[in-house]
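Think of it as A, B, C and D in the order they're written, each chain with its own count starting at 1.
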Amino acid sequence: MRVGVLTGGGDCPGLNAAIRGIVRKGVEVHGFDFVGVRDGWRGALEGAVVPLDVPAVRGILPRGGTILGSSRTNPLASEDGVGRVRETLAEHEVDALIAIGGEDTLGVAAALGGEGIRVVGVPKTIDNDVAGTDYTFGFDTAVNIATEAIDRLHTTAESHTRTLVVEVMGRHAGWIALHSGIAGGANAILIPEQPFDIDQVCAWVENRFKIRYAPIVVVAEGAVPKQGQMVVKDSSLDAFGHVRLSGIGEWLAHEIAAHTGKEARTTVLGHIQRGGTPSAFDRWLATRFGLRAIDTVKDQDFGMMVALRGTDIVRIPLTEATVGTKAVDPSLYSEFGVFFG
Amino acid sequence: MRVGVLTGGGDCPGLNAAIRGIVRKGVEVHGFDFVGVRDGWRGALEGAVVPLDVPAVRGILPRGGTILGSSRTNPLASEDGVGRVRETLAEHEVDALIAIGGEDTLGVAAALGGEGIRVVGVPKTIDNDVAGTDYTFGFDTAVNIATEAIDRLHTTAESHTRTLVVEVMGRHAGWIALHSGIAGGANAILIPEQPFDIDQVCAWVENRFKIRYAPIVVVAEGAVPKQGQMVVKDSSLDAFGHVRLSGIGEWLAHEIAAHTGKEARTTVLGHIQRGGTPSAFDRWLATRFGLRAIDTVKDQDFGMMVALRGTDIVRIPLTEATVGTKAVDPSLYSEFGVFFG
Amino acid sequence: MRVGVLTGGGDCPGLNAAIRGIVRKGVEVHGFDFVGVRDGWRGALEGAVVPLDVPAVRGILPRGGTILGSSRTNPLASEDGVGRVRETLAEHEVDALIAIGGEDTLGVAAALGGEGIRVVGVPKTIDNDVAGTDYTFGFDTAVNIATEAIDRLHTTAESHTRTLVVEVMGRHAGWIALHSGIAGGANAILIPEQPFDIDQVCAWVENRFKIRYAPIVVVAEGAVPKQGQMVVKDSSLDAFGHVRLSGIGEWLAHEIAAHTGKEARTTVLGHIQRGGTPSAFDRWLATRFGLRAIDTVKDQDFGMMVALRGTDIVRIPLTEATVGTKAVDPSLYSEFGVFFG
Amino acid sequence: MRVGVLTGGGDCPGLNAAIRGIVRKGVEVHGFDFVGVRDGWRGALEGAVVPLDVPAVRGILPRGGTILGSSRTNPLASEDGVGRVRETLAEHEVDALIAIGGEDTLGVAAALGGEGIRVVGVPKTIDNDVAGTDYTFGFDTAVNIATEAIDRLHTTAESHTRTLVVEVMGRHAGWIALHSGIAGGANAILIPEQPFDIDQVCAWVENRFKIRYAPIVVVAEGAVPKQGQMVVKDSSLDAFGHVRLSGIGEWLAHEIAAHTGKEARTTVLGHIQRGGTPSAFDRWLATRFGLRAIDTVKDQDFGMMVALRGTDIVRIPLTEATVGTKAVDPSLYSEFGVFFG
């Protein structure tokens, strides 16, 4: 059997570990051979396919990124996308496809599965917002990086009397903000699932100044204030005449400084959260996902995705994973209320 | 209500995070006050008790070790140990006790619970071998440290043609060895749960030399070869006349060098696995354990222990947690066979 | 003798190590006692002084920030600033002052020295731009953090076909950009000392795409393009109506994307470069500076500053250190030209 | 011109960065081409030579170890070693050789230079004991690793009342011990250059227990007690019948435990000190050494070695670098006496 492997969406620590697990077990235990599909669904659309064997995956376990490249191309949005993917698979005699990706990539996989293409999914996203799995790989690494950054900011905040706002990734879900904020000892954590009250945030910050312990506010990029609290002006050109929208972190720092009369600064962590060597947990999870994904192909259990439940790797229908974003539950969020303010 | 808190057994990253969670929520939400019991059960036996309030737990979240000190003292082994613990609690008007520790500490807690002392347990151990919980805090940090060490050894092993043996913690269970070995790309992982065949290990090592890719063997300190493969000599004095027993890592390096005719070296990671700042995961888990432990006291649900199941924190009877060591399941271990050799 | 210690300017890893060295040797060897002056020159102006002894400096060696607080207050800009500083010193019976800081703080120290106040300087700045010393502490830590961030961005850049711009600190000097850019394998490094040609930068980036190796551009916050290449528009309000000036990193990413037709993203490292535990080098250097500074007080060699020359700590007049910013020499910069493009 | 490059002795972070600097500038600026000599002088003896060009050095900057392999082979100890090296160079039309290594490798280079072979040296050693250069690359990385380990041990030492002995590399010189011990806040540092008094060490340890602050003793592997303090017994077989000599760290822990009546443990850092990704400083230094080494070849300035003096890279005769080990100066060592005890 010949198996194709692709990685779609934003890159994520652990992708290479998953590819390695798939190929090592596929070749050495099941006797399969492999091709790599370049740059996610783009390669499947355009016939960009590369050799993939055991020597190709030597030494990639600790490396971030993906040796196969990635893109956000959606074949369903292309004319006859499904037909073209089918052609690529036929031309390279690919019997089954393993798609490693987040909600979008897996959604495409589910749709192609519905069209009879033999596909198995592996969930990944640093945001941890794929439904059906306790965790996705990449998340633990991102949380460690964000926590280390917050640790660093503590010493600055305490040396100067200053609020520090840290904007972390999470457009739709606040997992990174919540985990890193709790791990980093933030005194306010703002997530997309729950619109925040800027007056409450400022009160928490003031409170922290009273005990001479500097305030750190962790905010997910997708968090928003309560209705009416943010007024966006017409002008969205920056000093160079480029159109731009300031992030929520900058807005917060501005508001907090205005309310408290004390300096406030923003740090936007950005892409450093998604790069570099994966944490031990992510390498472990990605490796296990890879091993189980190729077993799923072996069992011809197509249309399924591997998922973590407790300490077990299970299989669930791809359609279950793509019903919507896994959000932070309000009850989990409120558990940590004692640390705010 | 006045609550005592103690930490017993080997120190472990996350202890301070748990103490902080207990005290912050206990004081600010439940209105309790606290005393710290020094050095585990020793303080309970000897009446060594210190103040513990919110200012005392400020800034301790990222710090390894335990602000309360620890010991391996077992009050059940002392004359009238139970009576003396009861006296200490009475003298300091302690209504309930939270014991944070591994198998031994929790076993004592269970026994004292059986004697009517109001106790709640929090599991910790870097070894991850406490039954009833998916993970204990400290483990993730230890695995990250061991994995980083293995990463470092790869470059040395590849630059010289040399086998490197890494001895990690795990007297009774191979969790650290298995997780760090898989995350670090070891080509043999030896655990206490499964006696190893030294000839097989040497064959795996030879195999790695053939592909010019240096062999790394990860071994838990408690791993042992198959019956008859290790002959311990009478002489157990070292060069200075001290009685000593070489570790399994040294034995392995010696045997591998003898079999393969190529250099082999051992690195014993030792105490660096248990110290230093906790990983984000361990801070998160320890904090959640702390918050739930004090809620358990609030609910007067004594004789229970907090535990992780999937992403939930649950309560289980202390007696369940102390039925025996949580071992690595043979089926889990064999999942990774493809990476050996 | 009673010695006052203050830390001024931006916080910087190693400040606490220097304070500890001063106090340990001052008390234990020279028999001095100490007071801490709060928040740099502000405390000297306002009489904010705290006790400072050996127990106060226990455990601070690995901690970032400064236990004495810091500010950018300039006493020379206050009415009768010199007189008020003199009063504070007299009131607390301070015989000599050790001022730890960058160009501004040391400039004040030099001026006060000129007025007869007995002062010794210790240079610090993460920017490494103080004249007269090979390195300042804080710089090595900042470069390590920036290099680690660049390492992380490599994997993202290579997985997507994308330019990544990293904006690092350095308003007047490009030391952090140059060191971290070389250590991180950047293919363009832009520094304040040398206006860059945006067309040249875009050509370098294109070149990197040709070899399928993703471009990383490291830019100091103070770098500027050649005359005429940047047109700043009237509008400097952001989407929320706040006045703002986009950083050079954002401008670069926009220009590069426009020229190359391929995505470009910016990461602004910001405050994480100045916080957290100091590197071993910075702890070593700060400790040695501290020990020598208190010896300089002992020798009554006032008006001097400690400095690093090769592996030696020497004393130089404070006035030498404050003649101007230590810039990156064009010949050093051009040494690395082979790596650009 | 065709240039050969070899790396000899123990591997060391920064070797690949140096190789990359040599090849990038050699090819792109000077128009040279290159061959890699495998495994240090062994390859030169046995004619083991591999291609080395710009693509071969892409991506190796952050990688520890050496892509050329290393060994401790000494050609001067082989029959007609010089002749065989000359033959290898002639056969592969190598006009000049760059030898990267420590005292031994550079000593061979000096000798071959004396025989008319055109050779340029680059010093490396994690031990920092090569004469003539302020620092060698690899040292900063090793010190950072050792310091991080000491940081981790602090929390363990403080949680249990226990002495922790850390044995670091340094057979002939105490640079790693001194730098990491000072950076890590050790309360005793023992180096080969100065025989220690075990009674003094025990007194320092006792002192630390009195202030309830746990003792950390850092010892270089080559440190020895004063004459008569260590009695080595006949028996040097371990429990498995292998001949062995316990390290100095183990001996110290045994003695300290015996004297103080409190537990003492040893951690031997071993090979993790020499592996893994180089620090920013080491990448910077190794890159600069590489660039200057190939310029030295271009200038036909053979028999020379590059060296660091302050912030400058200079050239010195190879014979100067090999006059003997660069030891820690007693006056430098005694600067830190205030921290002991």
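Here, a residue touches a chain if its C-beta (ideal position, glycine included) is under 8 Å from a C-beta of that chain, and two chains touch if they have at least 3 such contacts.
None of the values given here were measured: they were computed from a predicted structure.
For chain C, the chain whose average C-alpha position is most distant is B.
Taking each chain's centre as the mean of its C-alpha atoms, chain C lies 30 Å from chain D. For this pair, chain B with chain C, the centres built from the Cα atoms lie 41 Å apart. With touch defined as above, residues shared between interfaces to two or more other chains in chain A number as follows: 151. Contacting chain pairs in the structure are A-B, A-C, B-D, C-D. Taken together, the chain A residues at the contact with chain B in this complex read 24-25, 28-29, 58-59, 61-62, 134-135, 140, 143-144, 146-147, 151, 179-180, 182-185, 211, 213, 277, 279-281, 283-284, 287-288, 291, 309-311, 335-336, 338-339. Put simply, chain D touches chain B in their complex at residues 7, 10-11, 13, 15, 63-66, 69-71, 145, 148-149, 151-156, 158-161, 164, 230-233, 235-242, 244-246, 250-251, 254, 265-272, 274-276.
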